[in-house]
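Listed after this line are the structures, all set down as structure tokens.
After this come two complexes, each holding chain A, first together with chain B and then together with chain C.
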Partner chain A sequence: MRFDTVIIGGGLAGLTAGISLQEAGRKTAIVSSGQNAMHFFSGNFESPSADRDRIAALFAAAGVRTNAIDGQMLMPMGTFRDASLTLEDVTVFPDRHVADKALIVNFTGFHDFFSTFIADALEQDGTACRIRFVRLPEMEHLRLSPSEMRSVNIARAMDEHWEKVVADIRILHKDEDLILLPQVFGLKDASVLDKIRTALPARVAFIGTMPPSVPGIRTQMLLKRRFEVLGGTYLMGDEVTSAALHDGIVSSVTTRNLDTVRLFADHFILATGGYFSKGIVTTPTQVHEPLFGLDLDFPENRSAWYRADFFADQPFMNFGVKTDEALHALKDGEPVRNLFAIGSILGNTRKEDFGTAAGLAIRTAFAVVDNIKGENV
Partner chain B sequence: MKIQEFTASAHNFEECMKCTVCTAYCPVVPVNPRYPGPKQAGPDGERLRLKDPYFFNQALKYCLNCKRCEVACPSGVNVADIIQAARIRYDHTPPKLRDRMLANTDFMGRLARPFAPIVNGMTGLGVSKAVLDATLAIDRHRTFPKYSGRSFEGWLKRRTKEQAKFERQVAYFHGCYVNYNYPQLGKDFVKVMNALGVGVQLLDKEKCCGVALIANGMAKQAAKHADKNIKAIQAAVDKGLNVLTTSSTCTFTIRDEYPHLLQKENDGIRDSLLLATRYIYQLLEASTAQLKFKENYHVRIAYHTPCHLEKLGWGIFSYELLKMIPGVEFTLLDSNCCGISGTYGFKKENYEASQAIGKPLFDQIRSLNPDFVACDCETCKWQIEMSTGFTVKHPVSILAEAIED
Partner chain C sequence: MKRNEYDVIIVGGGITGAGTARDCAMRGLRVLLIERHDIATGATGRNHGLLHSGARYAVTDQESANECIRENMILRRIASHCVDETDGFFITLPEDDLNYQAKFVESCLAAGISAEVIDPKEALRMEPALNPDLIGAVKVPDGSVDPFRLCASNMVDAKIHGAQVLLYTEVTGFIKDGDTIKGVRTYNHQTHKAVEYYANITVNAAGIWGQHIADLAGVKIGMFPAKGALLIFAHRVNGIVINRCRKPANADILVPGDTVCIIGTTSTKIPFEECDEVRVTPDEVNLLVEEGAKLAPALASTRILRAYAGVRPLVSADNDPSGRNISRGIVCLDHEERDGLKGFVTITGGKLMTYRLMAEMVTDLVCRKLSVDKACETAETPLPGAGGKNFREVAEKIWENPTTVQKAAVARLGTTANRVQTSDSLDQSLICECEEVSVGEINSAIERLDVSGLTDLRRRTRLGMGTCQGELCGCRAAGMLAKAHGCADKARDDLKDFLTERWKGMYPIGWGDALREAEYTQWVYKHVLGV
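For the complex of A and B:
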């Protein structure tokens, strides 16, 4: 089966590249082995602010709205992080004094939203917080199985019953100028966010929960649909098992499901992610890229991979596949001429150029797409 | 203490890292509060069941075995296999009469075929539906699949000589549906294969693949079917034949459920058992055969990917074949279970959940308003036709009507 480009990995990096290539009329396939780190997405496309308009335009065409505001976002554990471009679910504050008084509302039995941590953090910056819980009879069934009171299941209930929760919050609300809610709204359709904002008597901010991320899942679904509407082929739940690489050129890859029907392409993009999605694999003595055996830098002494201080910047998070300036992956010191590496598989090796995580995924995808388009002009 | 005994599972439950992505994609969780969800029913529960079978939960029967959890899992855990294997291992409740009837698709087919007009007339009557609903708990909203008066096997046997004339040959695992309910699909398949210069043979005594037996607690009987099918398919493979199918679920069951759930080794046949769409695509791509399409064929098709086809990863062959037909306007429907899952949706206790699961799919079909829907699965076809009123055609049947006679 022949494509212009085959992308290995269907997360944010792979989909951004796939959508951009399909928009340019290139026949593209994405091979995705299971779902991806979008299900843990904070909603923040980290700094630098480069490519803001381009990112927003790509997402808007897929039906995902973004906010381009410089400021700080409140993270699930009560810490703050710089933001310049976020999903519309995320509220960006100008500074850490987010309000004089805040009402934090959680759902009874929902353990993935840390209202106390958030209150503690906000009080340090002069925001008086009050925590209240709501419960709906329509959600009681979720509590039958203690492990299923999770963001996605609440979001499904909320799609139907959000008005009842809004009514409860209106009763709980006194004189607070800010109401904080967990991000458990709009699993398929984000329009409910605005409805809630309009219906409540104070400013509303939606704060991230522990995974899975409801805004992340919605974004993933919308991006995948956009890619398919553009004519892209998304091979879900399949996995590249081997690649034909000769003389610095990849000619085809083999997948578990298609086996003898190999995927041929002019270009290949490796977007298989970091440790979580097994784009990078560790053994007791090695850190390696399992598919092509690409070059990776890591210290021989294993104890230098990590620091004992859990919260310190961990060296292993910086291990990534080596590339040249154009993001061609290196193997045995030489660039593979039609294989690019993008996203988390790079580790934090190019932080100053591309940012980290989501920002890295999108910006490296753009850089490679431009390269591929430029090559063929 | 024999720690291994209480921690080792044939399935890789220990690779689960509790991310809950499977639950996000489970079609049952949103519609049936009694179902604990794939993570709890699968890897979490497995850990407990290994310690003590007491922890087996009857609510595992609400699992559709659609495999969407496995397709979504980032860690490659065979979540649905864990759930189904637990049902086989721990649930010793004897299946009800209704479940036996629904599951024995080939036995029921053989029984009904000689009386097809009477049976079809009876099952179509409101009063019969009410009786089935009241006595057997088969939901009255369901339309029973019609039985055909003449079997597909008989039809093809009468054409043995004619088919033997083709130099290139394949064997065909037709399945119960083609044989007893809808021989036209088998005839369409033979027409397309012949147009490609390929003759079609029957297997020597195929049995029902057994998917419904597995789903209804009759794994032992399914294992007997598996033995017979593996033997019959192996005999064809030994003659150098590919064995083709037109049912995505039969194919999936024989390739993957036999070794994973019934512990039936199928290495000798697994690579030779192919969906017809895949085989046809490969012939056309290699340019070893051509199809001549009609010039005046113009249709708008919306394609639904059955869950088991999605798990096989072979939907792409159906899409590519349909897109290849000049005059076809193709739309790929969103990935969404139709809710029937074989015999599941026929049961009165599952009817409402079944329809709720399929609703987004039905809504999308109505809003697209295609000329017809395409799909590789017979039970999805019943469900979509009953729930939307749109006709559903198999990609092979579409090829058959689009090529020149």
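For the complex of A and C:
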């Protein structure tokens, strides 16, 4: 099979590149093992406001609405983070005094929404908080198994029964000017978020939970659908097993499911992620990129990979595939001329240019797409 | 009696202190136990969790071997909920001397330890994880024991018999009257208050830190801190304890415990000042991995969960400061006789296995000094939670059709699991999925077992001891603690400490799946949850 571009990895970086290339009329395939960091996306693009129009446009075309507002995002543990572009689920506040009075509503027995921490933090900034719980007979089946009260399972029930929860909240609500709910709504259809906002008698803010992230999963599904609607080929649950790399050029790759059918392309984009998704693999003595054997810098002495303080910047989080300015991956010190590396496989090696996290994924994807399209060459 | 007066003050909340508090309280003494951290934070919680048969010491130290097998049989009775009767093998590998086996068996039998030579093929059938190259195997009555549970049970029973327990309280000095210790000065790290307590006798049961306590009292004990490093593997690779049949050496014991197995240990002399901050080095990790795979080859491809190290409280048996006469045996010092200091005794040396005997010896001494004539009953009286053949049977006595969550609670708490609320699906809901710890079990621990933070909770419930090392359950349990203690700020700081403490054991083995987990945890806490 022949494509203009083959992207290895179907997370935020891979999908952003794939959609952009298909929009430009390039025939693109994405090989995805099925796991990716969208399932624990905070909803914050962690990207400078300069890029936000382009990101917002790409997501809007996929049916993902975003908030382009500079302000403060309320995190699940009650802390705040700067935000300039977020998914529409995330409410961005101008400052930490989010309201005079807030009603925090959780589901009875749902331990992945941290209402106590949120209330405590908000009270310190002058918001009086009341925590109340709702319990629906329609959700009781989830309790039959002791590990089913998790975000996505609740969200599945909420797709059907959100109106009943809204009715309960209307009874609980007194005079609060803000109602805080966990992000367990609109798994299939984000329009439920607006319906809930309209139906409740105060402003509504949806706050993150322990992963899996319901907004992240929905966004991933919509981006994948957008890519396929544009004519892209998404090879789900497949993995690249080998690559033909000669004289600084990748000619083709093979995958587990396609067996002997090779994927040929002019360009290849490596978006296989960091350690968790096995884009980078470690042994007691080595840090390596398993598909192409690309260059990576790491200290030989393993003790230098870590710091004892868990919350300090961990050196291992900085390790990543080395690239040239244009994000061509390096092998044996030389750029592979048609192989680009994007997203968290870069670690923090390009932090100065592209930032970290979701911002890194999207901005490196844009940079590579521009390069392929010849706009920046 | 004045509020701060006791018959006996016990310094140290490890297994020796807990056992001594129980014994003293059962003999009718008014007991106060003081611990500067939490229960089982020293060597008690930092060993193999091996229920020694004594076989390991049979060739070199008959006395220790005999003590072990006697206590082994006692613990099976009085602490059945803490003990897993796995049996043990002493295997001979091609590079070992098979002649050692005959001497080993003979020494075991002489010490009263059953030792049965098993055909290597039969041994491999009984324990498929064994190195298939083995040329000899001897079966002995080893087992595994959960030291946290054992310590907590002793503490609970001491309290049932009237003892008072002060955790996070540090002894800062002694109150002396001439040549007599009258009591202790303490500082509570949680209330930040300094308080004095008085007793006729103070027992120094502080393990390796006993040297410092003795210094405070004005007497010298020569300790020789020896660090031992161990690794926890993520699966219970073996069902039977595996030892090497040779002179005791590094990394020659593999113990199955709960859902994991533990390889150890090493032995490195360290300066006394380092006892509070022991770290496992890459060299120690490499040695343990390499030697462990010789016992059970599957270890080479099994994920490692964490590394940790403890400090053995080895002590010079007499006043010899050179350390030439180091004993692994029990050392019970009457400082009146030894140093002319009245009202102060030390119990140290020994092993997890012999804690009860140590407690009995020192309590006998305390009773003699106080002219109390009551016999020790700890060898016959079961600890709270003990009873029943296996956890299924116990669970079925409590509930008609026990769920897996209820069975998991019984496996940890024995018969006292009946105090855990599990009637409602809310209580059965899991907080820690790796170790199946439910809401009810956590609430019960918070209510009954002196839990001030997540790490305390871990020692009492196994929360966060599984594959994810607390990455998911830490947050959930922090939420429960914030609610129970009404203090979210403290719970948030506590969560950070908990994660840093878990990380301490993860980065020494931070490669492969462990590093994948670590990256995920970094992401979740820094980017998603915003800790």
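Note that the second predicted complex is superposed on the first by the 374 of 377 C-alpha atoms of A that agree within 3 Å, B and C clash if a C-alpha of one lies under 4 Å from a C-alpha of the other, contacts with A are read in each partner's own complex, and residues count from 1 in each chain.
Simple rule for what comes next: a residue touches a chain if its C-beta (ideal position, glycine included) is under 8 Å from a C-beta of that chain, and two chains touch if they have at least 3 such contacts.
What you are looking at is a predicted structure, and each value in this text was computed from that prediction instead of being measured.
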Query: If you stack the two complexes on chain A, which partner ends up touching A:Thr66: first (chain B), second (chain C), both, or neither?
result: neither
Message: Quick check for you: in the superposed arrangement, does A:Thr5 touch first (chain B), second (chain C), both or neither?
response: neither
Task: Have a look and say if chain B or chain C is in touch with more residues of chain A.
output: C
Task: Based on the superposed arrangement, let me know which partner A:Phe276 touches: chain B (first), chain C (second), both, or neither?
output: both
- prompt: Which of the two partners, first being chain B and second being chain C, lies in contact with A:Thr323: first, second, both, or neither?
  reply: neither
Chain B versus chain C as contact partner of A:Thr91, first or second or both or neither: neither
Query: Where does A:Thr255 make contact in the superposed view: on chain B (first), on chain C (second), on both, or on neither?
result: first
Message: According to the stated criteria, A:Glu228 is in contact with first (chain B), second (chain C), both, or neither; which is it?
response: first
- prompt: First (chain B), second (chain C), both or neither: which does A:Pro211 touch?
  reply: both
- request: Using the superposition on chain A described above, determine whether A:Leu144 touches chain B (first), chain C (second), both, or neither.
  value: both
- request: Report, in rising order, the residues of chain A that make contact with chain B in one complex and with chain C in the other.
  value: 40, 144, 147, 211, 276
- prompt: Which positions of chain C touch chain A when the two form their complex?
  reply: 282, 285-286, 289, 403-405, 425-426, 428-431, 433, 436, 438-439, 472, 475-476, 478-480, 482-483, 488-489, 491-492, 496, 499-500, 502-504, 507, 510-512, 515-516, 518-520, 522-531
Message: Help me check something: in the complex, which residues belonging to chain B touch chain A?
response: 19-21, 23-25, 29-30, 33-34, 36-37, 39-40, 44, 70-76, 271, 278, 281-282, 285, 310-314, 316, 319-320, 332, 334-335
- prompt: Mind pulling up the chain A residues that touch chain C in the complex?
  reply: 37, 40-42, 44, 46, 75-81, 108-109, 111-112, 114-117, 119-121, 140, 143-144, 146-147, 149, 208, 210-211, 213, 274-276, 278, 281-284, 301-303, 305-306, 308-311, 314, 316-317, 357
Task: Using the touch rule from the top, collect the residues of chain A that touch chain B in their complex.
output: 1, 33-36, 39-40, 141-142, 144-145, 147-148, 150, 152-153, 156, 211-212, 217, 225, 228, 233, 235-239, 255-261, 276-277
